[in-house]
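Both of the next two complexes hold subunit A, though its partner changes from subunit B to subunit C.
Presenting the complex of A and B:
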């Protein structure tokens, strides 16, 4: 389609008071030979919009540059479907933050015109990527309460589900419960388990195919088209699926490590799992002599909240012990339960359950730290507590002690198994000629355990450094944001949670699984660029197979063929553009965002011999809104900067720096998210990768005989806009003290 | 009355409602979202940082707002409340009343109306800690970015200064509240919560001293876009608040007030203690608690991190009395230190009451089949298929649990509506 560009300039909101509109028009008409250039007192008003709409219907324009306010506002007004639309932010970045009618201000606005026009020239409408063939089934791994709920969730919404369970029967831990926690108001009494109803519904559902005694052998392929091998009792089954839910649950913390709490030392010290089984079998008795246990003590945080064991709180043990205390009380009228706790944690309306149990005179709750558990006379167990109320130490004798052991996600692998894998890897590495590093940590997700994914980044879901093996989301407000598109964790494998929580979580994961299938079917990205239909297109003829893109892709969306040539597994892609930034040959580009586009923008800038000229690349989700916020406060912004939004700082291609600085631009500031453990980047390591690329800057700039100090990366959150004027001025001052960029003269 | 048709109606534009709306829309369903305030974002838009990451809520809100902006499946109405719900699952008719904004969508956000507005009124967005004009926005990152006139205090045509100042014909005093009908297959109630009225607890002194504030007010004090630009100071005299006490369970876990645990206050106070400590190196924070509830992995880790700071004292004990020393403006907190087995008294610059969350769902007009329990939450079993409660309409929950529940509710709503072609 032939590009017909029209430029529309708004004079409202103080823009005409700040700059000469005619000169902006000259940039379009004379400098860039744009045939259509119009201005209006209020472009977003019906009259202003008519200017544009009339030109569109007359087929005079199909590519529209709006020089007005920020693209973050008036998005509905300035939406012209079927046309390329670019916004030049001369309101927030010029009229509201610069001194009116100065030379600097005028030059700035003119440069934003050049940026917008150049972007429009290089931008095309997206053509969505569609799979030739796809399967809309959901694969659910794990047949406990979370897995079954996820399966029913998708099946009831009309999707086919494949449910794979390792055990012979469905139900998981819920099946072993004597009673379950109350599920609704008034949250007072434990209920008879309802898991069998759920199992029956799953078994009867025509959309659900169940494989028990089965495990995943391999998952290859992409969202929308996964090929799954399932190892069943009878052999291997091949199925296809569109997305995956990991609901493989948890296991109790190994009580044999809790000898200091009497386990394995005293016969009458058992775990809460054993207690549940015993209650289900019909009596609370002592393992040592089979006598009825009348005084039962529960030791909370057995292995949890303990740096030597599980440093975290397993969330459910307080509630479980309260529930089991009710078993004790039901077993005999004079039976007594003691609960020895650090903090009673019954958040939300489960406080009502706690209160109900607390009101029972036969349930005694004492805060304290258990320091010793020993066997007394007649198989009784003696417990010593310190730091109790009133600061005293006390001794307590019980017939039976129950350790409230915590939860370990099934993603974690025992250290000896890990050790074996490490050995195997080292051997393979040595055989292939590489040298194993004895100190190299083996990342847990690189050991095949549950999903057996065929991803070059490893066969399991990645885990956060300090999430203790839970493949949890890094984002408070996006609980299902995962680093493997189309694969979602649910229930107690994701976070320790009780049954009611698992049911909620499983429904959420199920929604995400079907949502990914629908997005894939329509050629859209999934969160956070959910609306985006562009995708990275690679000019393979110029690719040198350097593998940078495959290594840096945070989502495992790029693989290599036998010759080492990379190819995108497109439906895994989140459209962040990290690959675009990584490519030294500039061959990865999007329809509306390319290396050449940004370079051309920089080349289009007017660089006078005198005066500082700086470029700012701003993460469009955080830094860019921060700049806008500054404008709403009418704060002054340093006039030397020209800001260009990027999808993520991971887009930073070193070619841009070379192109900008060889044009005479004095320096570049990169505004991106905070990195480190609590990183905020929704593309995982965008700003961190940019920072690593800057490490190679010396090489790039050395050729140009320029100083690497001309480029600076700043980590900034959306909320820290008040810091921006200082940051910008400081960098401008630093560059002001350096020699001017010698390329200005060329 | 005008009519709109949709698949899912979401009532409430806080984190739960926003999440349900965007998640359902991105699965391919049409959503109408209504919010009673003039802007979306609800309670999280009032927060400085999220626990335990200490990241800004504005970051996720910006993403969610973009998801709305770029979606042609979501329609939202602000200043809008439910008047009536009739019908059955798959086929509801909901009458919605939208209040008058007095500023139409020609508004460019230029701020001229606010500049000339002569009316000042307590700023409810900032917990009354400062004042705002009758023509206003909450802060720089509001969505929608369209100003609003507070009809309850504006003198309208009698003043009309803003109308003269507005170059874009955006001020319209003739606007009237308007009712319209939304025909929808499913309804999601995401009406959220409000802070429990702390003045109901006589012994905690709320209302008797400006320096005794709620945790919600503390969040605004610490916010960069709050009344003090993020400086944590005493409301009485602007003095730096370097000694701060946090009183936990202010209303929660108390049968005379809120019988339940509000689930967020321990983490909120621990977080707010870090605000104080970060701002003033020579500060001290005291937190009086019954149990410290930081369940799970990252919350417990956050607790351990806070514990490492020896200038934050965590004291197990119920607070008996909070009052101001009129001579100094200091606040005296009298409590029992249970583990030390003694009574203690601390004098602080600022006392923050960790007030609990009171659900507001009972304030809306609901059909009789939706049952509300004594705590004010929707009873999960009573909602027959078709109307679903999420977030704090159903349970006291934090942001991450709200997001989990709200995502799952999108699926429940979709199931009600049925699979589309």
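Presenting the complex of A and C:
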């Protein structure tokens, strides 16, 4: 298709007050020979839009550059399907943040015209990637309350569901309960378990196929077309699925590690799980003598919020103990339940449950630190507590002690198991001629456990050290997401939660699973680029099989063929472009975003011999909105910068830096997200990878005889936009003190 | 190893406090807002937070010889600011009731006086007693002619009943205080102190109503309590002068102007002050109902007795002067019943606070705790009473 570019300049929102529109038109018409260039007082008004639409209908233009506001606003108005649309942000980046009608301001606006026009010249319309064959079933792994709810959610929406449960029967922990927490207002009394109704609904649903006593043997393929082998009691079943919900639940923390709280040492110290079982069997008695327990002490945070055990709060144990305290109180009018806590945590509406239980005179609570649990006379347990509310250290005698142990996700690989696998992998590596590093920790997702994914990056979902065994996700923006597209974690395997939380979570996960299937069917990416139909295209002839892309892909979307040549499993891809940045041969590109395009944009800039010229690469998700926020505040921005949005700072290809600096640009600032354990990157490691790549900058700049200080990476979170003017000025000052870039004269 | 005290929670004690008007006890989650806002608590080991948790845990022994529950003047600032509606003021009131039960013997009378079930009995019993006495020594009916109350019941039987009743009430209170004092000394490890000085200081404090001035939300209680307090003083003086006239000077009542002016002056001033004071107390309760609650039976019983005493006394005088015999004598009878009740129930009703609160305030001085606190406050620049350094953690 022949490109027919039209440039449309908006004069509204103070733009015409800040710059000479005619001169902007000259950039398009004279410098870039664009045949169609028009301006309008308010381009987003019906009249302005008609201007564009008429040109489109007259087939005068098919590639539209709109020089107006930020691409983050008015995207509905400036949407012209079937045409390439580019936006030059001269409102936020120029009119709202610069001194009006100065030379610098005019130059800045003209450069944004050049950037936009160059990008339009290098952009193509996307051709969606579609799978040849698709299956729209949802595979649900785990038949507890979360898994069953997810299954019902998807099945009720008309999707076929395959539900795989390891145990002989459905129900999971919910089935083992004596009473469950109330699920609705007024959240006051424990209810009889309702899990059997859910099981019955699942069993009766025509869209759900249940495999019990079954486990996943292997999952290969891609979102939209997974091939799943299920190991059943009778053999192996092969099924297909479009997306996967992981709801394999949790296990209680191993109480045998809690000897300091009397477990294993005193016969009458049990766990909350044992308490629940005992209550379900009908009677709260002491293991030592079978006598009715009248004084029951609950020790909260048993092995939780403790760096030596589980460092986190499971958020349900306080509620469970309150619930179990009600069992104690129901057992006899003079029975007493003591709740000894670090902090009572009853999230959300369950504050009402806490209040109700606390109102019972026989439920006595105090904060305190348990220092000792010993066996006294007649099998009684003596608990010593310090730092209590009672104003002194106390000793308390109980018939029975219940340890409120926390939740461990079933994705956690115990350290001894991890050690065995580490040994095994190291031996395999040594046998194949590699050099194993005995000190390098084995990432838990490399150990086959639940999903058995056939992914180059490992069979399970990646975790973060500080996610404590829970699957890694962008906690702020996409909690359901895992780092495997199409696979969604739900319930207590994602985060510790109570049953009501699990039910909500499971519904959310089924929606996500359905979205993924439908996005895949239509050739769209899934979150966070859900509108995007482009995808990475690789010029394999030039690929050297260096494997950087396969290793750096945050989502395990790139596999290798037998010869070691990488290829994208496209529907696993989230279109972040990390691979584009990683490729030293620059062979990975998108239709509307390529190495060459960005380089061309830099080359198109006007670089005068005098005066500072700086480029800012801004992450589209956080840094770019932060710049826009600055404009909304009408803050002044240093006029030396030209900002170019990138999909993620992980797009950073060192070639860009070389191209920009050899063009005479004085320096580059890279605005990315915070990285590390509490990362904010939408694509996990983008800014971190960019920072790693900058480690090799010396090599690149050494060839050009330029200082590495000319490039600076800034980690910025979106709400820190107010820091930006200072950051930008500081960097500009630093560069101002350096010699001008010697390449300016070329 | 930690030096720990073995605690023995008593569920019945918890239930007792709840039944005594502390039904909000269990709502407390120990944030200590109450202690922070309290203007009368000492800085060291302040109340009422700790009392709340002790009561929740049924730690009965903590309340034996505990002066703090009595230092509370129930201004209810704590209740107004409590984020959970635990009403520490009301709970402490209920605990005080338990404390009265502990020290005012016999304890069944405390139960009887403070149980709604026995309300009718509470007044019928003295009424019957009086009726029998009147039938025996006076004229149980409407005597003819000018209204003269001695026709209804002569002075001597009145004195023979009311004086012992008052002595009984005071004696029970004094004995209770004695027991309480011993317990306070033991519980707080105090051996000796300046008893005379402490009593004088306490008396000054009570006469000036100093503590009431520090109350926040319920500041108007200062005026109402002051009025009621001094009205009783005035009425006491009037009664004493009356006794002097009758028993020593042998002047018959009703007294005429001239010789009787002093009695009338004190009596009427006291009666009016009492009426105004008790009315203010009642209206204050309604005024602050939303924030502080209306109060318990324990509170209302005393309010009603006092209000009835004041009203019936005043009306009896008016109807007597008006010569409305048919109304005057029955009202006088009611007046007698309620005054007798007031005397007998003195150490068992809420009125017992005059003994125990007085003792607790005195003990503060006797034990030196108050002096310590004053020293701590004065050596810490820039700290007011409610933000001193010794105040509970959680206040920040």
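Following the convention adopted for this analysis, the second predicted complex is superposed on the first by the 734 of 746 C-alpha atoms of A that agree within 3 Å, B and C clash if a C-alpha of one lies under 4 Å from a C-alpha of the other, contacts with A are read in each partner's own complex, and residues count from 1 in each chain.
In this text, a residue touches a chain if its C-beta (ideal position, glycine included) is under 8 Å from a C-beta of that chain, and two chains touch if they have at least 3 such contacts.
Quantities reported herein were computed from a predicted structural model and do not represent experimental measurements.
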*For the three-chain model obtained by superposing on subunit A, do subunit B and subunit C clash or fit?*
clash
*Winner by number of subunit A residues touched, once subunit B and subunit C are compared*: B
*So, does A:372 touch the first partner subunit B, the second partner subunit C, both, or neither?*
second
*asked:* Contact-wise, after the overlay, does A:362 reach subunit B, subunit C, both or neither (first, second, both, neither)?
replied: second
_If we overlay the two complexes on their shared chain A, which of subunit B and subunit C does A:153 touch? Say first, second, both or neither._
first
*Using the touch definition from the top, say if A:344 reaches subunit B (first), subunit C (second), both or neither.*
both
_Once chain A of both complexes is superposed, is A:391 in touch with subunit B (first), subunit C (second), both, or neither?_
both
*So, does A:336 touch the first partner subunit B, the second partner subunit C, both, or neither?*
second
*Identify the partner contact of A:100: answer first if only subunit B is touched, second if only subunit C is, both if each is, neither if none is.*
neither
*Mind checking 9-17, 27-35 or 207-215? I need the stretch of subunit C that runs into subunit B in the superposition.*
27-35
*Once the two structures are fitted together, what part of subunit A is touched by subunit B and by subunit C alike?*
344, 355, 367, 389-391
*asked:* Which residues of subunit A touch subunit C once you look at their complex with the stated criterion?
replied: 334, 336, 338, 344, 355, 358-362, 364-367, 371-372, 384-386, 389-397
*asked:* Please output the residues of subunit B touching subunit A within their complex, sorted ascending.
replied: 15, 19, 22-24, 26-28, 44, 48, 50, 53-64, 66-67, 69-71, 106, 108-111, 140-141, 145, 167-169, 224-225, 229-230, 252-253, 255, 259-261, 263, 291-301, 304, 316, 338-341, 373-375, 377, 379-381, 395-397, 399-401, 403-412, 414-415, 418-419
*Touching subunit B in the complex: which residues of subunit A?*
12-14, 42, 44-45, 69, 72-76, 153, 156-158, 183-186, 305, 311-313, 315, 343-352, 355, 367, 387, 389-391, 466-468, 470, 472, 475-480, 495-497, 501, 504-512, 514-515, 518-519, 526-528, 530-531, 621-622, 625, 628-629, 632-634, 674, 678, 680, 682, 717-722
_Partner subunit A, residues of subunit C touching it in the complex_ = 1-9, 11, 14-15, 18, 25-27, 29-30, 45, 50, 53-54, 56-59, 84
